[in-house]
Every structure is written in C-alpha cells, then in structure tokens.
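Going by the order they are written in, the chains are A, B, C and D; count residues from 1 in each one.
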Amino acid sequence: MKVSRRDMLMLLGGGAVGTIFSPIPWKLLRDSSVWTQNWPWIPVPKRGAAATAASACPLCPSACGVRVRTIGGRPVMVAGLPDAPGQRGALCAAGSGVHQLPWHPDRVRTPLRRVGGGSPGFEPASLEDAVGAIAAAIRETQGTVAILDGRPGRVLGGAYREFLSGRADTCVLVPPSAVRASMPVLRKLHTRDPGPLAVDLDVVDTIVGFSAPLLDGWGQPGLVQQRMHEGRLRLFQFEAVQSRTALMADRWIPITPGTERAVALGLARMLIRSGRVSPAFGYADFKAFVAAYEPWTPRRVFEVAGVDEATLTEVADALAPTGRVVAIGGGDPAGGPLPFEDEASIQVLNLLLGAMGQAVKAQRPLADDPADAASDRVATRDLCDVPDGSVGVLIADLAMAGATVPWPILARKMAPQGLLVSLTPVLADLALHAQWVIPTAPAFTAAHDCPGHPDLPRSLRLARGFTPAGDEVVDPVDLLNRLGTALGIERQATVADALDDMMALRLRALHRAGDGTVFVAGKDPVAMAEIDSPEDVLSMLRAGGCWRTALAAAASAEEPAVEAGDDQTETAPPRPAMPFALEQVAAKDSGGLVNGFQMYLIVGGGVERTAGVARSPILSKVDQESGLRPFANVARVNPATVASHGLRPNRRWRVSTPQGAITMRIEPDPTVPPGAILAGAEPQGALPWNAGNPVDLAAPDGKTWRLLPASITEA
Amino acid sequence: MFPWVYGFEWNAGTVIFLGLFFTVVIVILTTVTVAVVRSLRAFAQRKHHAVGWEAQFEDLGREARPCRHQLAGETDQRYCRHGFECKDCDFHRKMLDVAEGEAGDAPDRYFHRGHAWVRPETDGTVTIGIDDFGAKVVGPRARAKLPRIGRRIHENGTGWRFLLGDDSVRVLAPVTGEVVAHGGRDEGWYLRVKPLDGPFDLGHLLQGPEVRPWMEHEMARLLRLIPKDCHSDLTRDGRMVDDVTAHCSGLDWDVVCAEILLEP
Amino acid sequence: MSGPKETPQGASRYGMVIDLDRCNGCGACMVACAVENNVAPAPQRANDRNGITLLRVFPMRNGRDYPESRQVFVPMTCQQCDAPPCESVCPQHAVEFDWTTGIVAQIPVRCLGCRYCMVACPYHARAFNWWDPEWPEGMESTLNPDISTRSRGVAEKCNFCHHRRQVARERAAHEGREVREDEYQPACVEACPVGAIVFGDLNDPDSAVAKVYEAPDAFAFLDKLGTKPKIRYRSRQEWVHAMARQGVPEKEVTRG
Amino acid sequence: MDRSIIPRGLERAPLGKFLLWLLPWVLLLGFGLYSAYLCLRYGLHQTNMDNRFAFGAWIFLDLTVIALGAGAFFTGFLLYILKRRELKAVINSAVVIGFICYSGAVVVLMVDVGQPLRAWFTFWHPNVHSMLTEVTFCITCYLTVLAIEYLPILLKNRKLRQIPAFLVFEFNLHKVMYVLAGVGTFLSFFHQGSLGGLYGVLNGRPFVFREAFGIWPTTFFLFIISAAAAGPSFMLLTTWIASKVSGKRLVTHYVYESLGRISGYILSGYVLLKTADTLFWIRDTAPSLGVHPASFFANQPGYTALHLLEVALFGFLPMAIFLTKRLRARLGWLVTAATLTCLGIVVNRYVLTIQTLALPTLPFAEVLSYVPSWQETGTFLMVIAYGMLVYSISFRYSNLFPQERELRQG
C-alpha cells in the first residue's frame, strides 16, 4: 500500500481529534494538577500525637514560662505560659521561635579549630585535641584564666567557679550590660555593700525611666505594660529616641542624646531643694551633698539636656518620696549599658525617693546553692573592669546572655597571644573570633535551669529538652572535667559529673532553704517550705512551675530601709559620708561631641535583636520583612536631618565614628532626634541578612557603645 | 466548567457566561469543521483541482483574465469571473445565443489563456503544447518536467512545469485526461492526453477570431512587464526573439513567466 | 460585581478588635503567625515588600516632626471583609467566603498565582510566594500538621487560623459540647504579650470582642470603600482616627 | 537562496541581508527566553514585583499590546462586517499583528502567573464574576480565532500552495472567514472591555474604581473605544514602518488616510467620554470612597499628571490632526498623529497598571516605585523580538500587503 501525503494528513488530523476524546489529555491534566499541588521539594508536615508541655524560654534573663505544643514529641509552637508570675503569659517575638533553634543553619556540629590568618576559617577537630590545646594554653599563659558567663546564676556558673578555684589569677567575667545595668550601681552607692538588690515591680507605682527599655528588654516587659494598663503603674520616660517604651509611657520627655545624667542630677537637685527627700535618706554631710548638686540648675539642665524647667518641675512634683517610686537606668540589651556616671546619677534618685527597702530590696543568697559554689574563692568581675590585655585564656559562654558584647571590648581585654574558646551551639558573633569553638546544646535540646532576671526577685524555671541534642554536643561540665584531668586539678566534691546532677543538687539546696514560693499554672502557689521533697519541686518545675523568692510578701512601705544579708537590718542610720565618686559624677559635664563628629550614633534594638546567635530564622519576618526593628546596616535618621544633610535614601552612606566606619542605608524616621542616627546591633554573621555590625564600634572609653560620636558621608 | 465539576453552581451568571463561551467555542469549531469537511468533500469528488484553481483565479490580476468575447470584439472591456469555465458563464451563453448560426468549422487548434494549445486528434485524444508566444517567454533555456505516462492532468491544474535554475513555473492544463505520450524539447514539449469519460469539451478554450486579439492583449501585458528601453530588443526582423527574458537585463524569468502563464 | 453584600447571617461571624494604644510593635504576633501557619523563614533577598507576612505590623505616624511625632503600630492582616474585594476577582474560586463563619479563606492548591486578589485588596494584606518555601535542614520537623505548606507561585493570607477552629470543633464535638470562646483563638491573639487583640464571635453578644466592637473609640480602616471589614481598631488618640479617616501618604520609597 | 518561497512579483532583500536584520532580534529573543526560563525555573522572585506591585511590567505590556493589537479585530470588523473594502490592503498585516500581540501576551501571562501548569484551573472552576475569567476565556478563544485567521496567510505561501490540500483548505476557510471575523470581533470587544473592567471594578483602589454601567464599569467601554481608536493608528504606523524598513510602497495613500480618518473619528468619541468619565470620577466616585482626588496628585504632581496628559496631548491633538483634511493628505502628519495615539494608549495603560499600584490605599502606606529586574525586562523584550521576527518572516514570505505588487508594477 502506498502512503500518500493525503493519508498522512488524515492520520495526523484524525489522531489529533481522537486524542481529545481519549482519556490521555484528561489524565495528564489531572496528574499535572495533583503534581503542582504536591511539589516534591515542598515539605509535608509530619503528623503525630498532639500534646502540650510547659517549659522555660532560655533566650534571655527574663526566663519567661512557655507553653510548648508538641506533635509526636516534636515542638511545633511556643507561646507564653498564661498566669505565669512576673510575666502574665507574655512572650516576645524571639521566644515565639525558640523551638526552631536546634535546626539553626549555623549550628556547630563538631569542635572547630581556627585555621588561616586573615579571614576566619575553621576546621573540624576532635574534643581531645581541643582539651589538649586549651589545657596547654592554661598551663603556659602568664595572664588571667577567665570564663565569661553570659548568664550568671545557672548551676553551670557554679561549675565554672569550681573549675577556676583550683588556680591563682582566675576570675569569672560577666558581660557589661546583663548585670551592670542598674542595681549593682545602687549597691556601690552604699558605704557597705547591701548585697544583691532587686526591684519589686509588684509594689512599684511609679517608674522614672532613663532610656531604660522597660517594654523592650529590661526585666519583665509584659508585666510592666499590663500593670500600666491596669492603671497601677505610672511611667515617666526620659529618652532621646521615641522608643517603644517612650511611646507607651504616661509621659515621654525627649532629651538630648547622652544626657541622662544631667536630667537625673537636675531632678535630684529639685527634690533636695524642695525638701521632698525620703526620711530614710540621711547623709551626715548633707550640705556637701547639696553643694555637689547645686550646679545642676534647671537652666543648666535645659542647656545640656533640652528639658525645660516646667517639665522637670512637673515630673519632680509627681514624684512623692513614697518609696514606691523607682528610677531605672539600665541599658538596651543591644545598645549596651549607660556609662557608670549616668547610672550613678540615676540611682541617687532611688536613694532620695526612699526606694531602698521598698521598691528596691535586697536578695537573699542561698548558702549551699551549687550555682553560688566557690563564689568566695573566685572573683566575679564585670568584663569592662578587667585591665586591658590581661586575659590569657578566655572560655566564653554567651549562648543565653540575651545581650550583646561587642568584639572590640573583648579583644582589648585579651592578652596578645591569648586564647579564646567559645562554647556555643551556633557559629556566629564572638565565636567567629575564637581559636576553638566547642559545640554546646542549643535551646530545647537539653534540660537546664533558667534563672530569672538579676534585677528582679530571684526566680528559677526549668527548660526542658524536647529534641535530642545529638552526640556531637559537648556538655560544658564534661569539658571542664577533661580539662581538670589534663591539668591535674583535684576535683571538688560539689562539682557533679553532669548538668542534670547539678540541677538535682540545686533543687535540694532550694528545698532545704525553704524560701520562696512555687507557682504552677492553673494551681494555687505553694510555699517552698510546704513541699515535701526536692523531687516534688523538680516535678513542679518540670510542669512549668516557677520558683520565686518572697520579696513582695515581706515588703511594705513602713519597713526599715535596707535589708542586707541574712539577719542584719539597718534602720536608716545616718550615712557617714557622701557615696563614693559622687563629686566626680556631679562635676563631670555630660554629653558633648568629639571634634569632627557632628552627629550621634545611637545603638539599640531591644532584646529581640540580641537573642542573636540563638535566634530562629523565622525572626526574619520581623527583621527583614518589616521595618519594626532597627538594623545594623540601616541608619534611621530624622527627616529634617535627612533634608539638611542631603542624605538621599536610595544611596549608601558611610557612618564614621572614632572607632571605625560602617556603610549604611538611610531611612527617614521622625522618632529619632535631629542630628542622631539610630541603628540596631546584631550578632555578626548569625543570619544571612546581617550586613554589618555597628557594635564593633565601641565607645572610646571601651566600656559603652550605646552612644557614639559619628559623622556621615557618601559611601 | 461542567455541572459535574466540584464547586459548580447553577446560577444566572454561570449560565449566561458559560452559555456564551460554549456558543463561541461551537461556532469556532463548526466553522473550522465546515472548512475541513468541504475540503475533504472536494477531494472525495476529485474537485480539488478545480477548487484550487478557483482559489488562485482570485489572485490573478484583471488584465490576466480577459473575457473571450472582449477579445473577439463582441463586447467592451470585460474580465472573466468564472475561472475561464465558459459553460458556467451566463454571459457566454447569452453571447452564444446571439452568435448562433455563425458557427464555422472546427478550428485546428484551441488556446487556453494560460498559453497551452490543444489539438484534437483523430483517435479522440488531444495533443497539448505551449504556444509560440508562451514558448518564447519561457525561452529555450528552460527545461520542462512532464508528467509520467499514465498520470492524470486536470483542467486548470498543473499541466507540466518549466524549470530554470531554482525557479519553476507551471503550464495550466487546458483539459482533464490521462497522459498517454509526451514529447521532449526536440519535439517542442507536448503531451498526448486521452479523455477519461466521454469526449473532450473544449468550449472554454479560445478559438478562431478570438486568438489573435488575445495574443495582442498578451503582448501588451508582456510589454507592461518589461522596461521601456528594452522594448526595441524584443523583436528581430519583425519577429519576437526566442528568449524574451534573456534579452533584457534585470528581467526576472520567474516573474515574467508566472505573469504570462497565469501563476499567481 | 463586587458591590457590598449582605451581612452574613450564619451561625458565627468572627471578628477582631485591636487596641492600637496597647500594641508596642514587638512583632511577637508576626512570628507566632508565621510559626503557626508554616511560613518559611525569609530568603536572603526577601524584604518588607516581597516577604510572606500574613500579619504585618506597620508603624503609623502622625506626620509631625520630632518631638511632636507620635506613632502607633498597626497590626495589619486580612481584614476579613464581609464584602471581600478579593473574592469576586479571583478567576477560579480560590478565595472562599464562608457564610457560616464570615471567614474569608484562600485555597492555595487552587490558586494559579495571577495575583489579581492582591491588586484588589486595599489593605495590602495578601502575600505571594515569590520563592519556594525553604526551611533550614531539619526545621521542617517543627511544622504544624494542622495546616499544609504552600508552594511558590500562590497567594496566601490570614484566615483567622481557621484550622484552629476545626481542631477546637472536633474536640468539642467529641466531648458533646459547644466550642468555648477561649478554645478558638488565632495564634496572633494568643501571642500578643500585651493583650492588644481581642477575638471572638461577633454574633455572640457576650463575647469579649462584641463588647468592644462598637466602642466609641473603635474604627475600621477604609470603611468607606464598602469592604465591611470585621477587624476593627481602637485608639483614644484623636490623630489616629484622623489618619484613618483621611490619611495622605507622605513620600516615595524607591527600591528595585 | 529562498527566492522560491518569496511571493512572486515582490522584491525582497537578499537572504544574507535579511538574516542580518533578523540577527539582533534572534539574540534578543534568546536573551528573553533565558529570562523567561529563569522565572519559570526559579520562581517569580527573579522579578522585582512584590506584594504591593503584584502586577508589573508584564501586565502593562499585556494591556498595551492587546490594545495595539486591536487593529486586527477592528480592521476585520470594518472589512468583513462594515464592508470597508479599502482595508483589504492591510487585513493580512492586521491579522499577523493581532496574532503576534495576542500570542505574545499569552506567553508572557504564562510566565507571569505563579503556577502556569494550573492555568487551566480557570476553565475548570471559573468564577464568572471575575473580570479575569472573562479575560482568560476571551484571550484563549480569540487567540484560537487569530491562529485560524493566520493560517490562510501561511498556506498561501508560494511553496505551500503547491500542495493542493492546503490550497483547498485555505479556499474553504476563506469562504467562512466572515464568521470568524464576526466571532473575533465579539471576543476582542469583550476582551478589551474586560481588561478595562479588570481595574475598573476594584472598589479597593479608588484611583481606578469607576461606577458600573450595567454590570461593567466605565473603563470597560473606554478600553474598547480607546483600543478601537488605537488599532487603526497602530496599523497605520506599522504599515508605514514596514514600508520604510523595506523601502517599498505597500499601500496607497488612500489606505493610510482611511485608517487615519477612522482612528480620528473614534478618538474624538473617546476623548469626549474619557473627559466626562474623569470629571465624574473627580466629582462623585472618588469622594464617595473617602478620597479627595487631589490627594492622588499631592505626592508627585509631575508623575500623576500623566493621567491628564493622556487626554490632552495624546487624545485631542492626534484627533485634530486626523480630522483635518489638509493634514490628512500628508503622510508625515498621519504618522505623527498615529504615533501620538499609540503613545496615548501606552500612557493610559501605564497609568492604570503601574500608577494604580504605586499609590497606596492605607493611610500609613507609602507611595512606591518599581523598576523591573533584567529578567523581567528580558521577558518583556522577548515579546517584542518575537513580534519582530514573526512579522519580518511573514512580511518576507507571505503577501501581507496585496497592493504591494500592483504598486510596484504601476
């Protein structure tokens, strides 16, 4: 048979028509529809039995209670624990993603050794090599051997001290912002150290905030804001930037950047001159005290800080010295602490207002708490107070710090050939500068204790482990044990072999002391003294309970002032002399720009920025996909300044400070004072969007980085 | 889309919208189907050559299709609209009625307006060749590609093709029939064609007094295709040269042949 | 075609009231929303214009200069309109208005990604999956099994955590009772640390949301457009109301 | 050599020169295909569109080319339905341009949607209240019609016509073409209208929302009229450009004049209606949505004024030229006016697509701007390159302008 062209055409045409009426195209359509709805590379959520567990958020010292929804034991959601004391169910953005941290893209899976010179590179190494190298460095160093504990108060902190106690010239370092914030300065204002102090937010009815991030990182923001809404708390906020706290405050008084001290001194002078000083405030040499404050006239305050007399008077009038008023300085977890002089000036207000013993009370230390082990043998020091170039070996554990420590500050403390070891679950931030990186357990993998905020009444929660941490994680106690063996240090009896055992020890100590109350959601609080055994305490804490000391219950306005130590009670004795350094504080002028710099760089961003290395990538929803938080590489500038300096937003600009420069994008923001630049701090390299790190630019004093002189030029 | 698809709802909007849509789809499909069916039918009825010619006839310029009655001087300027099929033409029938009785002897040759001549032979076959004018336009350089013996040619379909280089042009077949013999260049390119059913109807071909005016008409058409400065080269000794296109530089064989041999 | 519709008279009509005087812009609702709804972390190039934020907190400023400048934070999500402009424009019924709850839902597996709904939405409350969703290795084990993940190329939006309602209803049905108000709360409401968001059934006069829905300081954004949003906002600050009534945008932002 | 497929009697440039002319367009097409591949393979983050600018350059391109391609439906309508015989001179070209515009738009739409494989869902689950459903159905049907209309032009090619089947099919198709022209007119009419309705129905976008007239907003009708006005102008312009590029006379001046006159008449109606519509919008529509119309112009006066420029510079001026007999006699004036008319369409579609999205609706949102990414631009250019290639090849191998041969001989 001969096939003609016509036959071919008929065949093709017939085939085309026939195909339409065959199942083939319809099947293809159906399959394509099913296929496009189930792309193989889009993950399908796993199913499993649903349950809810209570735990604690380990990210920052607020240690919020969390309710964790689990599916087949895997945590899928974290929310605030309702009715939790101090927090009232609130949880910040960073806490809402904490369960994702075990899968952080920068997770460290093996000990890493630094290689190469210039750009930081790491190679995997064995734990034995790490122990050997660190032990050798400890043996050979001429400098101090120190452990930087980002979250003091954990049992692990006790283990650190125990380890260091076997050797001369050692100390435990604490990061500047976490502890030096407020209360420690108040302690220094006393002739005799009254011991750890805490603010009792439950009795406070007025707060005078000096740039304190009360709703954004300090203490318990949820509690503060909810009490404000209930009308039980008034807030006066002196701050240069119209921050979250300033916006929500009953009264926001804008000040010139960096002039908190001037305002505090001016306010103090007003209180003194009008005689509205707490009777508990009794200095022998009151005249000298008054003289020191005399230069801070309203006129001078206005010149320095820009706060006029009427406003200052108004605030002063609102502050009756009832003892329920507290002045809080603190600092931004991202932007670091205020300078010491500012803190001192602010804390004097607390003395004048009679806050001591009422709004501010002493904490009761627990004698045999393993968290406090060897505290008499090993000094605990603020990182900034250590002499430059003195630290020979530094083991840094900043995973749960909830605050930023700029590398330049750490760098200047290290001896020239010093060894930095980083204990971290994630390779980011300071770990990038370390010689050795030891992988530790990320949040939600291992159970551990979560002590509360150091400026608030002592509390303790337990963070549970949900996801197996994996073999690659090194228990810090195990590392210390191996180091001890390598160094031939005799082990102390109190040091347990693992964190779990240490926690049991701690609970035993708490139970023995019988102090405080345990709160469990949905149940009546139980006094520790009424609980039968430490195991019961453990199970209550595991159920999401929170142990808290009984500060609030013991306090009342009529009580004598300072309660220091366990048994000594002072009934407002006249102080023998002016508190130390107050002359200098009062005499030193405030603020002022360095020559050549016409602007201020204000570093801030709140705790959500700094949870940093331990921050879930889902936080990118807030950081990257909304402009809610200041970025490291974005300079927020007042629109008037943008116009007057010709800062075109679509260009890149170079912000210079005495410490160095960084390239930034400009974003007009009317909440920033003219002449200032607001930028965020964020850990280096933790997440892909981190373009730079302005906290590399520590202030010239090497102690603060909240406010830097700056100038801006086109990049 | 259909009532059995999940989520379908009977409501006014859906009925109107989809009603319109399906109407449009049906109209489009019907239209295309009509065209396809008509084409298939044309093939089935072996009318495809006629249809093909009809399609091409539209594209011929008016000058290329003068009415035979105009050529015979019987009417004013008039153009053919029936694909030279005079039997379909009312005007032709009318003219025949007028001229009845004047019919003379059957002529020796008949001419198709595509320059093929037809000579009836005694055995009922016809011989088909290209006329002198056509041959001179095509020229001696061109080669003809004649159909094989036994193939059929169709009236107004392709009789045979002339090839020159890459170009080719076809000679319109004046009649339908089966090729029984053909002759090559030496014999002057001819086909012997046997009728298929019944004797040939040659009524659509030019004959007798129509031929000469038609030739003049064709000469005029040719001259319009040729640049003026070349006109004088076309004749030698009062006779047209053998290869027209070769005598004028820049003259396109393909274009000239196609115009004269009625291939659009 | 997209004219105002009848107010749904279904069994329930869920609505929300957000107190702008309380919101401090912490962003916890955004994170909780993303976690609950299996939204992937932002790809490296994502920004505030192309990211998937089913709920996004916008700062709204009074347009005055420091120190008179004031801002409130406006959590902006799908306003769950009773006359949703996005529903009628979707060419293939991928947007569904549930007459029994008043919830406007997006069916991602039916969406072909034409983005017409996003153009139609005056609240800019819809997001498009410009990227394939990608989780760091292992993190997919934290996905919520009550809601499926979406692929790239489809639009999505808030549906008041509708799956939570399903779960609560199943549980209640199992126990033979009605759903309690506190059992069905969207993730953002649950996450708000300052209790700025109130959510519930507007048809239930005893619900917390019904009590404040008609409060004198409550208002809806763009209510003149006839969209009838079921999310209302509250503020005691007069300038907030003025802005909401007739705000004039301030400036151009170039990003490309 | 390709002479054997070039229509007889038409003079075309040597093949080498032609290929050289095609080369840049082929390169551009290659670049465009690569851009489109990137978008399809990796997702639409390759573009600079975002959640606020959910429609970008591509939708602008679609709306524009479809309006300009209206020459196809409108010329067909005038020729087959209203029997304007002189337009036979451009009908083939009009069909090719229509086909290019519609197929180009469909190709870009397939890249534009996030899930092209689900495109048929619109047919499967159509929401008949959506303008986009109308658009989808019309564009699909009309593209089919255009493809069928394009077929005879292809089949009549010198080489293809030697196959009897093609010639016969072409003949029979041609016989029923008036039906397709009618259907095409209906579809294109609705398609233009529904593209206008696409924006006009958006009650969430006060800048474009228009009161409904029947079930369609006024933009529905304005789009049809503006496309009908621009179609002949674009035909005029493309014919003139083809004539300039090829160096041939393609149509008589009468055809140019006729196209211009038709454009002018329709344009005058459009200018009138558009003005009335704008005034009504300023007075009634916008205020009823709680927006003072001036607020749209408060931000960037220069930018938003384009909106008014469209009527004055690109509407009234070309209309005046087209309707002045003395100016119409000059090809230069006709081409100027046609260019202005086409630019008017571009501006109108730009205002509607890009400006609408740039303007925020929420009081705290910002006016945005948007610059297409190179992948987006590449895909955009792909359509232009594709159009140039198809038109160039069609022009070379098909008889797009039946008058060309006569004009050459005469």
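Quick note on the criterion: contacts are C-beta pairs under 8 Å (C-beta built on N, C-alpha and C of every residue); 3 or more make two chains touch, one makes a residue touch a chain.
What you see is a predicted model; the values in this text were computed from it and never measured.
Asker: Among all chains, whose Cα centre is located farthest from the one for subunit A?
Answerer: Looking at centroid distances, B is the chain farthest away.
Asker: Mind having a look at which chain is the central one, using mean CA positions?
Answerer: C
Asker: Averaging over Cα atoms per chain, report the distance between subunit C and subunit D in Å.
Answerer: Those two chain centres are 38 Å apart.
Asker: Averaging over Cα atoms per chain, report the distance between subunit A and subunit B in Å.
Answerer: That gives a centre separation of 96 Å.
Asker: Distance-wise, how many Å sit between the C-alpha centres of subunit B and subunit C, to the nearest whole number?
Answerer: A distance of 75 Å separates the two centres.
Asker: Provide the C-alpha centroid distance between subunit A and subunit C, rounded to the nearest whole angstrom.
Answerer: Comparing mean C-alpha positions, subunit C is 31 Å from subunit A.
Asker: Check each residue of subunit A and list the ones that touch at least two other chains.
Answerer: Correct list: 6, 36.
Asker: Where in subunit B do residues touch at least two different other chains?
Answerer: Residues 7, 36, 43.
Asker: For subunit D, write out the residues touching at least two other chains, lowest number first.
Answerer: In subunit D, 115, 118, 121, 124-126, 129, 133, 165 touch at least two other chains.
Asker: Can you check the complex and tell me which residues of subunit B touch subunit D?
Answerer: Going through subunit B, the ones touching subunit D are 1, 5-7, 13-14, 16-18, 21, 24-25, 27-28, 31-32, 34-36, 38-39, 42-43, 48-49, 51-52, 54-56, 61, 166-168, 224-225, 254-255, 258-259, 263-264.
Asker: Taking the touch rule as given, give the residues of subunit C at its contact with subunit D in the complex, in rising order.
Answerer: Against subunit D, the touching part of subunit C is residues 1-3, 43, 45-47, 49-51, 58-61, 74, 76, 85, 88-94, 110-116, 118-124, 126-132, 151-155, 221-227, 243-256.
Asker: What residues on subunit D touch subunit A, complex-wise?
Answerer: Interface residues on subunit D, with respect to subunit A: 115, 117-118, 120-121, 163, 165.
Asker: Quick one: in the complex, what on subunit D touches subunit B?
Answerer: Residue list for subunit D touching subunit B: 1, 3-4, 8-9, 123-126, 128-129, 133-134, 137, 141, 144-145, 148, 161, 164-165, 167-176, 179-180, 183, 186-187, 406, 409.
Asker: Please give the residue numbers of subunit D that touch subunit C in the complex, ascending.
Answerer: Residue list for subunit D touching subunit C: 43-45, 48-55, 112-116, 118-119, 121-122, 124-127, 129-133, 135-136, 198, 201-206, 212, 215, 288-292, 295, 298-300, 356-357, 359-373.
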